[in-house]
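Structure first, then comments.
Think of it as A, B, C and D in the order they're written, each chain with its own count starting at 1.
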Amino acid sequence: GGGGGGTGEGGAITLGFAQVGAESGWRTANTKSIQDSAKAAGVELKFSDAQQKQENQITAIRSYIQQKVKVIAFSPVVESGWDTVLKEAKTANIPVILTDRAVDSQDKTLYKTFLGSDFVAEGKKAGEWLAKEFGSAAGDVNIVELQGTTGSAPANDRKKGFADVIASNPKFKVVASQTGEFTRAKGKEVMEAFLKSQPKIDVLYAHNDDMALGAIEAIQAAGKVPGKDIKIVSVDGVRDALQALADGKINHVVECNPLLGPQLMDLVKKVAAGEQVPPRIETAETEFDQAAARAALPQRQY
Amino acid sequence: MTTMLTRVKGYRPRRRHLPILATMAMLIGAYVYGASSYPAFGSGQVVLDLFINNAFLLVVAVGMTFVILTGGIDLSVGSVVALSTVVSADLLQNQSWPVYAVIPAVLVIGAVLGFGMGVLVHVFEIQPFIATLIGMFFARGLCYTISTQAYSIDNPTVANLAQTQLPLGPELHISIGVVVALVVVAIAAYVLYGTRFGRTVYAIGGNPKSALLMGLNVGRTRIAVYTLSGFCSALGGLLLVLYKSSGDPLNGVGLELTAIAAVVIGGTLLTGGSGYVLGTVLGIMVLGIIQTLITFDGTLNSWWTSIITGALLFAFIVLQRLAGRRAT
Amino acid sequence: MLRMSHIRKEFPGVVALDDVSFRMFPGEVHALMGENGAGKSTLIKVLTGVYGVDAGTIELAGNPVAFSGPGEAQRSGVSTVYQEVNLCPNLSVAENICLGKEPRRRGRIDWRGMRRRAAALLARLDVEVDVSAELGSCSIAVQQLVAIARALDVDARVLILDEPTSSLDTGEVEQLLNVVRSLREQGMAILFVSHFIEQVFAVADRMTVLRNGKLIGEYRTEEISPVDLVTRMIGKELAVLEDLEDAGHSRSEVAGAPVFLEADGVGRKGGVAPFSLDIREGEVIGLAGLLGSGRTELARLLFGADHADSGSVRINGEPVSLKTPRSGLDRRIAFCSENRKTEGLVEELTVRENIVLALQASRGWARPISRRRQDEIAERYIKALDIRPANAEAKVGDLSGGNQQKVLLARWLITEPRLLILDEPTRGIDIGAKTEIQRLVTRLSGEGMAVVFISAELEEVLRLSHRVAVLRDRTVVAVLDNESLTAERVMATMAEGVGR
Amino acid sequence: MKVLTAHRLFWPVVALLVLLLGDLIAQPSFFALELRDGHLYGNLIDILKNGAPLILIAIGMTLVVATRGIDLSVGAVVAISGALACLHISGLGDQNSLGGTLAAVGMALGLAVALGAWNGWLVAVLGIQPIIATLILMVAGRGIAQLITGGQIITINSHPYEWIGSGFTFGLPSAILLALAVFAIAAVLVRRSALGLLVESVGGNPEAGRLAGLRSARLSWLTYVFCALCAGIAGLMISANVHSADGNNAGQFIELDAILAIVIGGTQLTGGRFSLTGSVIGALLIQTLTTTVYALGIAPQAIMLFKALVVLVVCLLQSPVFRRKFGRRRKTPPPSPIVAPEKVEAGV
């Protein structure tokens, strides 16, 4: 166990970080990045894992307030419902940084800044790629969609962003859309069913890489060639997906960057020193095509 | 002819109180350990935060205690909690209902769902596990049909209630939710100990067939118990609304297990007939203090968090068990 | 007061009641008689609404009724003690007596008043127990008395007692009969079921006899003699009791036989005080004592159901440790428990499965008894003990009380034990079967089996045993040779502990 | 006919058939089977393949339930066993080596058995209530699985290992063949030896069982070990099916599905009488339900409602009280549910 709260005697900043959980490889990479860069930056990190429960995150934030940490950062499980506890933090004069996801609070003074990605934008990017790729195709384009966990923010937003873009062109048809719960196993199972119920599938849009990877196996088992017979676009950019992209089994990956650690530590130091920071910082995110994937693969840690 | 039936009325240890005493002792031990390891842990607010953070769970677990005492189980609580938050959010935000109308509406929905499950259990003799699993699916499904997204409630009354802090001393405060939860606990303890309904609950848990032959109203009590649990879940949902000022269809996933765990750690037998509401309160404290200890430590990564949680749970349960054994 | 006409009740495969009519008058004790499985308990359950009827009508005080369940029957003034003890073991004695009609003060249960009332009711039956003790920790006899006390609590018009005396001692029985008589004086109609003919003749004014679910007839007590009654119950002459009657065993008969088991200072804190006892092969040792005197506890120690915390046991001269029932079973000791419902039978399983259970346990799971053998064994014991219905695949829980008891007995007999401990084996068994069991015990001991025999019926103990160990206050106070032993002498010892 | 409807597996089987019929109506090609790459291909095959892990776990858990227990930790065991096997295989020089794969499988199953022994120890020796005893491993086990995988998904590429989850033998998915083999072994073990009787006695009346000389502690301990072993095999299947181990998501909520399958199959959670065949049918029913959801294209928001409805209907059909109240067509009241389950069960 570590010592008390507050600013460490040696002047080290204490950061309380309330993570969502460890539900995916993406998230684990996110956690690891934060832990590693905290160490590198000399920030004393109080980490907690909420196991996908908002209540647990609130509990953790309360305990950080009790421990009088210097800065609190967290990735909200959901966007709503933070006002009460954030007010408590504000009363205790502890600045808050949001990572990865925003909160929908009306009172923008409750947190200092937001650092992360925009799920809607990711969905849009996937849609735009599709529009470009199939812009000149003749006839209807039949799309199947593998959604994330029902009710979760990334699932809602990535669906919305994608739908917004493709709505502009009537030949894009989402013929089937089902939840694959963000996992490979479910992705495979659902794709197996799609392949039997849908006579013609041109494109698969998966809300994350894992479901796409599962679906690839289903497609292969059905005797089709992923990436050719059925084009695939997915979100995240984990190593296995980039590999599949490099191998031509996936056609496009929209990155959602988990490596927020260094940026976060910079912000923490600034906030702790009372400096002014911009209210919203988007993480550097790219998209990968086959060539980019090959180039990125050797350095991919996660 | 007289019979000589002199039985020594010697001291018989109250075996049924032992688990509770053991749990209490361990809680104090854990607190002392925490306070000595992490200075901020010692502040009274940490204890009060346990109540603030778990107020809604406490209410849910109280309902669950009733059900488990009859030898049943209620898996629907998490979903009913979620449904309550979603319905509240929907009514307040989208339909602009006033708060005082939303509260009874939500409570009625919870009670009606509970009643339905009670009917399945009692009238159609469907095993409680399954009847309430159906309820769990059903309530969660309703959540999604109302909304697949979480949304905030910006009703000023709710915000007011949510942010009210009742001071208990310097730097010490509790929330309104805690008061509600403690009132519920007190009422439940009274009902179980001091009313016919409460004793019937125990009798059913002891032996439902006998209870029936003893002329007790088993059917009504059973249905009432599930209704009560539905009601408590809805109330817990309302407290969660106060706690988070939002409605979220993903609320309370896995909550049923936490509630059951709290009840059972509190010394209530899953087979029914034995246990106390106070034990449930302690069970919640145990789960809460484990979480708090881990948060204060703050050095564990996600999987070590799970492993240490399991290990601490193990330690608590085994110590409780051994203490119970030693003393008998 | 009460009239049931042309009642028919069918269970899958069994017609339990067939066109049975029955009536009761106020201020009268009415005995319902019949063999095991004749339909007595079913008639009572039909009356109080536990089961619905397939045909027939029920009238209470002239009004047709159809109770939805025991609760409604109770509220209409029909108070019932069902055959098996139907109470909640997790609650206190006082609660079990008052449950559903607790005294209340300002809507709140008045616990003190409840204990007082419970104690008063028990005192009426001359029972003194700690009413705040958990019921489950009390012996089955006490539980039975608690159930009776519970039924006395209502201001009922009709009181139904289904085998209330099956595990009571003479003393308690006497007391109960007195209570019954005084209730009769108050104009209550009382239905009384018992397999003890003397008790019936001592208290009943009128009897109805059932056989195989059919009504045989209704008689006034003065009109019928015990022998007639038995003949009507079983449908043929019974002339068996006599040849056992004065068998009068004595220690000397087995003096030459080797000692099978030797207990030396065996005891258990909170159970029985350390005792020493040796049992020879072929010897029957009876245990006598009052309610709660510790007979059951002693038997459990001998089997290993509880483990002793002092003393040592030797079997055939070799020291052994009896810590679990399993160790008893491995030494070929069998223990037929007094409480068939909670400690004996697995109700969901079939008669066959229950019968082979102990034998199978001793063989281990890997050596199953072949289905053919199982059927054979079940068949044999169904016939030998006259278990009805004679269907090895019937669920034991559906059998009548007496037949369940026979199944339990059969389970232990087939293990061919060298020491058979029988704790109240004749509980709730009709006279025919009882004689059969007594004869069996005599025969088995004749073949060299050692037997420990516990029964609330002292005559039965005296009739069968070579020696009688007398217990008082959980202490073995005397071991008496059965030669010229009389019931009076044993009772005196039970009461005062006069030496041998 | 009457005997047939009285059989306790009648209604679950009817429900299964009705569900399949619904699929057929909604999607006429639902039953289509074709030969592809030398093996059968079609929705029915998918149901069997994807249902295999659930079938296995339901079989294992049935015995636990029969002794009045419950095992919440099966999901965690699934994750752990898959993780350990994949970790070992990913470290092999040649992932396709049969020896290395066998070693991995052996290690994973060995660990699963050890975990089962742990559960059994808590329940049978320490006497902790099963739900709580197994909750410990349910919580900690996820962490252990993630510890093994390092929180990442371990992807592997091993043909022998894949065979367990997505391979085919004789044109049929090997997963279902494995599950059926375990079922056959369990059924023979349980019904040809005396284990079934002993387990049912321990569950039906523990005290009576003890006094009849059963070693109930050892017996219930064994059921936990067996259950964990089944979960371990299921874990291998699930990970082999997607060539990867996911410590966090593998087997999530599978305990609930398994319990549901068991209950639909006619085993009471209060212990005693059990039916392995019933549990298998229950598991197939649940898997068919999942596949139906996909085949009918039910929106994700509505899945829960649909499931609630189907389970409700199945349970009501099974409830004798319900049939008596609403099925007035038959003149005699239906007999109590169990007539002679023994004969059927013994026949397997």
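The rule is simple: contacts are C-beta pairs under 8 Å (C-beta built on N, C-alpha and C of every residue); 3 or more make two chains touch, one makes a residue touch a chain.
To keep track of the chains, here are their UniProt names: B = ABC transporter permease; C = Sugar ABC transporter ATP-binding protein; D = Sugar ABC transporter permease.
Here the structure is a predicted model, which means the values were calculated and not measured.
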Chain whose average C-alpha position is farthest from chain D's own: C
Distance from the mean Cα position of chain C to that of chain B, given in whole angstrom: 43
Separation of mean Cα positions, chain B and chain A [Å, integer]: 34
Whole-Å separation of chain centres (CA-atom averages), chain A against chain C: 71
Residues of chain D touching at least two other chains: 146, 151, 300-301, 303
Overlap residues in chain A, where contacts from two or more other chains coincide: 22, 28, 31, 150
Residues of chain B engaged with two or more neighbouring chains: 144, 148, 301-303, 305-306
In contact (per the touch rule at the top): chain pairs: A-B, A-D, B-C, B-D, C-D
List of chain B residues in touch with chain A within their complex: 37-41, 43, 45-46, 49, 52-53, 57, 143-144, 148-152, 154, 159, 162-163, 240, 243-251, 253-254, 288, 291-292, 294-303, 305-306
Touch list for chain A against partner chain D, complex: 22-25, 27-29, 31-32, 147, 150, 176-179, 181-185, 188-190, 192-194, 196-197, 210, 213-214, 217, 221-223, 238, 240, 302
Chain A to chain B touching residues, read off their complex: 1-5, 16, 19, 21-22, 28, 31, 35, 45-49, 51-56, 58-60, 62-64, 66-68, 78-84, 87, 104-106, 149-153, 156
Complex contacts: residues of chain B adjacent to chain C: 1-7, 9, 12, 190, 193-196, 199-200, 202-203, 205-207, 209-217, 273-274
Footprint of chain A on chain D - complex, ascending: 27, 29-30, 32, 36-37, 41-43, 46, 50, 146, 150-153, 155, 166, 238, 241-244, 246, 248-250, 290-291, 293-295, 297, 299-301, 303
